[in-house]
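For reference, chains read A, B, C and D in written order, and residue numbers begin at 1 within each chain.
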Amino acid sequence: MDIKGVEIEDTYAEAFPIKVARVLITAANKHWAEVAALEATGFGTSVIMCPAEAGIEKFVTGDETPDGRPGVYIQICTFGYKALEEQLLERIGQCVLTAPTTAVFNGLPDAEKQFDTGFKLKFFADGTESETEVAGRKAYKIPMMEGDFIVEHSLGAVEGVAGGNFFIFADCQLTGLAAAENAVAAIQELEGSITPFPGGIVASGSKPGANKYKFLKATANEKFCPSIKDKVEGTEIPADVNVVYELVINGTSVDAVGKAIAAGIKAAVATHGVKKITAGNYGGNLGPHKFNLHDLL
Amino acid sequence: MDIKGVEIEDTYAEAFPIKVARVLITAANKHWAEVAALEATGFGTSVIMCPAEAGIEKFVTGDETPDGRPGVYIQICTFGYKALEEQLLERIGQCVLTAPTTAVFNGLPDAEKQFDTGFKLKFFADGTESETEVAGRKAYKIPMMEGDFIVEHSLGAVEGVAGGNFFIFADCQLTGLAAAENAVAAIQELEGSITPFPGGIVASGSKPGANKYKFLKATANEKFCPSIKDKVEGTEIPADVNVVYELVINGTSVDAVGKAIAAGIKAAVATHGVKKITAGNYGGNLGPHKFNLHDLL
Amino acid sequence: MDIKGVEIEDTYAEAFPIKVARVLITAANKHWAEVAALEATGFGTSVIMCPAEAGIEKFVTGDETPDGRPGVYIQICTFGYKALEEQLLERIGQCVLTAPTTAVFNGLPDAEKQFDTGFKLKFFADGTESETEVAGRKAYKIPMMEGDFIVEHSLGAVEGVAGGNFFIFADCQLTGLAAAENAVAAIQELEGSITPFPGGIVASGSKPGANKYKFLKATANEKFCPSIKDKVEGTEIPADVNVVYELVINGTSVDAVGKAIAAGIKAAVATHGVKKITAGNYGGNLGPHKFNLHDLL
Amino acid sequence: MDIKGVEIEDTYAEAFPIKVARVLITAANKHWAEVAALEATGFGTSVIMCPAEAGIEKFVTGDETPDGRPGVYIQICTFGYKALEEQLLERIGQCVLTAPTTAVFNGLPDAEKQFDTGFKLKFFADGTESETEVAGRKAYKIPMMEGDFIVEHSLGAVEGVAGGNFFIFADCQLTGLAAAENAVAAIQELEGSITPFPGGIVASGSKPGANKYKFLKATANEKFCPSIKDKVEGTEIPADVNVVYELVINGTSVDAVGKAIAAGIKAAVATHGVKKITAGNYGGNLGPHKFNLHDLL
């Protein structure tokens, strides 16, 4: 199978369950919503050594937000709900409540699982807080130095999916990077998925475990490393390929992650110099979800 | 004392010691250096509930970097060196090594305290790594999917200063925000200091402890909250003030933090509508460093 | 009538016919599409003293472009088709053909009026050009220093509308600016309309002609100038208003401009501190199109 | 000669005299200064078909501006002073006076040639204007919808230099583009020079005149076109080169342009994949200024 002359390998991305909270941040304009979202989702690429996986899902204009201001949906992901509740309290409390002009709303109001993060944050007001309502949602008004911070009572979460992925092979590093960047932009138009790595892109796709340094949980996937392709037996890197970028995609559902993989691949192949698309799987050891590229496209 | 007609209160900012690592990230262009820096310094506003305080110090062009590419200095701060070493390994390993086109260099090569973070990160290459040298600095070349990641062997740290600050009083929220934004931009021209909060600005300046909710370490400083000025006895908010933004400044030295406070104040007062500048102190209970505003200006 | 507590005055915006060309620029990523679009639409706020009115309509991802790359629609407007053809040739030839990684496609392929701008630009190749086809569109491949520039044979134009507008009254300058900025962002989500002034916003809304300096075609509309409200008889500025920003909207049709006015107003009123929305008209002397605000909302 | 392993050809850039006005725009923050500067310098790449050559010189923080706010220096260039005065009036009047929160100051107060552009713009106020002083500079306060616009009485100009240049040869298009982008960023740190093309970069470097289409003043320089290197006799494109980007540099003096060329080249060669640097000259027919690359470096 190929799209625009780029081979799509007949393989699948392997993914695993994770707990996902989804939060809507609004602000005076898009810029300040983004500033808060970047702070709140930073240090959040992989649960291997970060306290959560987190990222920006999509930006929305005021006609889609409870307070009519521009906003951004973020997702925060951990393996268990207890860790997720802590991360929500810490990241919203330290990185959004503190950010200029923001307000916080529930991004999954219909989910069964709800955390009372807003209720807990109101104690910051030390007794000066009050209950309020925004577009029918129960919220709190917290007097602060900049004025009143509005936060919804509850923030919802679901069992979602982590580790959806695909790989972009290209002739030159910055060609591959442009393709990856366009894939991330296409995914940010969709609902329900995030790409938690820096700028949405993984420069250092890994394999579980190690050949040599057994004390590590994950190491470079040498068969996909272009600079040593001549030295690695069984390399997956063709002669005309000099870079591989991976996109890792988390989301609130299998459907959201599948759609994001498809949209990302379609965006990536339009860059002249992209040679091949494939995906990462590890014999089913990593997780129960399989995203077959040909089925998605 | 006043500058451009804005009163500078005769008071001081109170600050405390912290351990500070300083790291130089370079990348293919300024954009990708910034992407990596934002991820690596995210979830890093206050050690009250973040694993570190972290931020961007300044951007540099290639004539100031070992590999000639555009770069950005970041700082990561924790109370102890053990926590700092862990944070460096986690934040550089998960948020910069994984980011497109980056390399990592020591931002404090002359400091006494040096961590072998680069040495530890090289194990990611699972045996395919090699030693190299960049502009006389001992470094490692780590083959990855995007090509070779370069990281210097050591990353240095010093005992620095946290909690330097000043407050901007303005007539209207977005006036105060513009003043604060310009102050952050002026500080980013300087060496040695960071403003770790979102976009460099604190919307929710706090007091230590609480009046009512004693279980909290920090709560809103109600005397500086404009929306309740009519209800709070002893409010510090004049009638014509409707917003207060705080800048919190960390740095590698007392001198760096003092210069940043001065530059920030000078930038802030140029915004029409700024009414007063003051600073936060808590009777010397918070820390040993005192930054007297009048002395700095 | 009010929305979110903001009065919408019962009045109309007056607008006039103009010729509008619509062009799709694609590029390696969104950033470089925007760079080319800003250059091509610069010096293009008002035909009073600019050679054209021009602006960015909307950004699109690759699934909406002929070559699958990210793109941006721009519009260029003049009173006559002859001037429009010259402006197209000059602005596309000097500002897009010269810009990194761009390609140019017809934004109005079904319009009756078509200019052969692509055909004319191919002569730049000095005999090395060739005809090609992109997604069924006749185009030319022009070898250049960066590689091949692709430009579609024809670029279409229609009789559209210029001067659609509304005014935002707010309590403080930067409050009004945030409201205006959010209005522009909301309008950029729509098809068919542009806001040709800098950043989409007019700081200096004018009246036709002059009271004192009769040699000028347009001067400040003193009844809407907050800083002199106490001195101007018949001022339209209420006591609590200290800024007015105008949005001027051009578009390919009456319908497109009307939808843009409505979306812009809805976005603007969500900013706390906006006091009133009105619109500019001059007794029908300016043009035949009337956009009644209450009818649109 | 080589730098970082990149060959610098022993050749010179040929440049010619032009008249240059230099203007300082300040605004509420850097963003709005940039918005005004981009509008005012747009449609300004080459006098071949644009009414002026124009670009951003450098951004400055408030400690370098008369009103203490963030600012940006722009340059506007034409062959004669008469055209320059018209362009100044049109571009400042239509693109900066109209832009949110801006003020305008003289960027060459010590130049012999001074235009009274500020004096002329004050008539927009239709009699409500007044004279004022900012940091010792004579200026006007023009009441407008957003408040008062401040413009200095005079704007200065000098005879400067246009067409300074160098070429970047690279292995792949986006590699060359990153190198060019970093060169532009390095030049924007300097005083006195601009890079008037889109994003500062020329994708379509030309030769004067034509081989085939004699009616054109400038056509593609086929000897520097990588996509046809196999068909062009005497091609200058080596086998491993697939892109050439040119930087064109104007400036207020020979010295400023020379320093910009040197800084740009040093920044460009740090990008891995850059193969060679050269420059454009046409046997001295284009202009009297010669910038020898080896002498500059």
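Simple rule for what comes next: a contact is a pair of C-beta atoms (placed from the backbone, for glycine too) under 8 Å apart; a residue touches a chain by one contact, two chains touch by 3 or more.
Note that this is a predicted model, so its numbers are computed, not measured.
Q: Greatest Cα-centroid separation from subunit B: which chain?
A: Of all chains, C has its centre farthest from that of subunit B.
Q: Does B-D or C-D have more contacting C-beta pairs?
A: By number of C-beta pairs in contact, C-D is the larger.
Q: Could you work out how far the Cα centre of subunit C sits from that of subunit D, in whole Å?
A: 25
Q: Subunit A to subunit D: how many Å between their CA centres?
A: 39
Q: When the centre of a chain is set as the mean of its C-alpha atoms, what distance in Å lies between subunit B and subunit D?
A: Chain centres of subunit B and subunit D, defined by C-alpha means, are spaced 34 Å apart.
Q: Find every residue in subunit C that makes contact with two or more other chains and list them.
A: As it turns out, subunit C has residues touching two or more other chains at 28, 173-174, 177-178.
Q: Can you check the complex and tell me which residues of subunit B touch subunit D?
A: By the definition above, subunit B touches subunit D via 4, 28-30, 61-63, 67-70, 178, 181-182, 185-186, 189, 263, 266-267, 269-271.
Q: Quick check: in the complex, which residue numbers of subunit B touch subunit A?
A: 28, 32, 35-36, 38-46, 48-51, 89-91, 93-102, 123-128, 142-149, 167, 173-174, 176-177, 180, 197-199, 201-206, 210-213, 215-216, 219-222, 224-228, 231-232, 242-246
Q: Looking at the complex, which residues from subunit B come into contact with subunit C?
A: 31, 171-175, 177-178, 272-273
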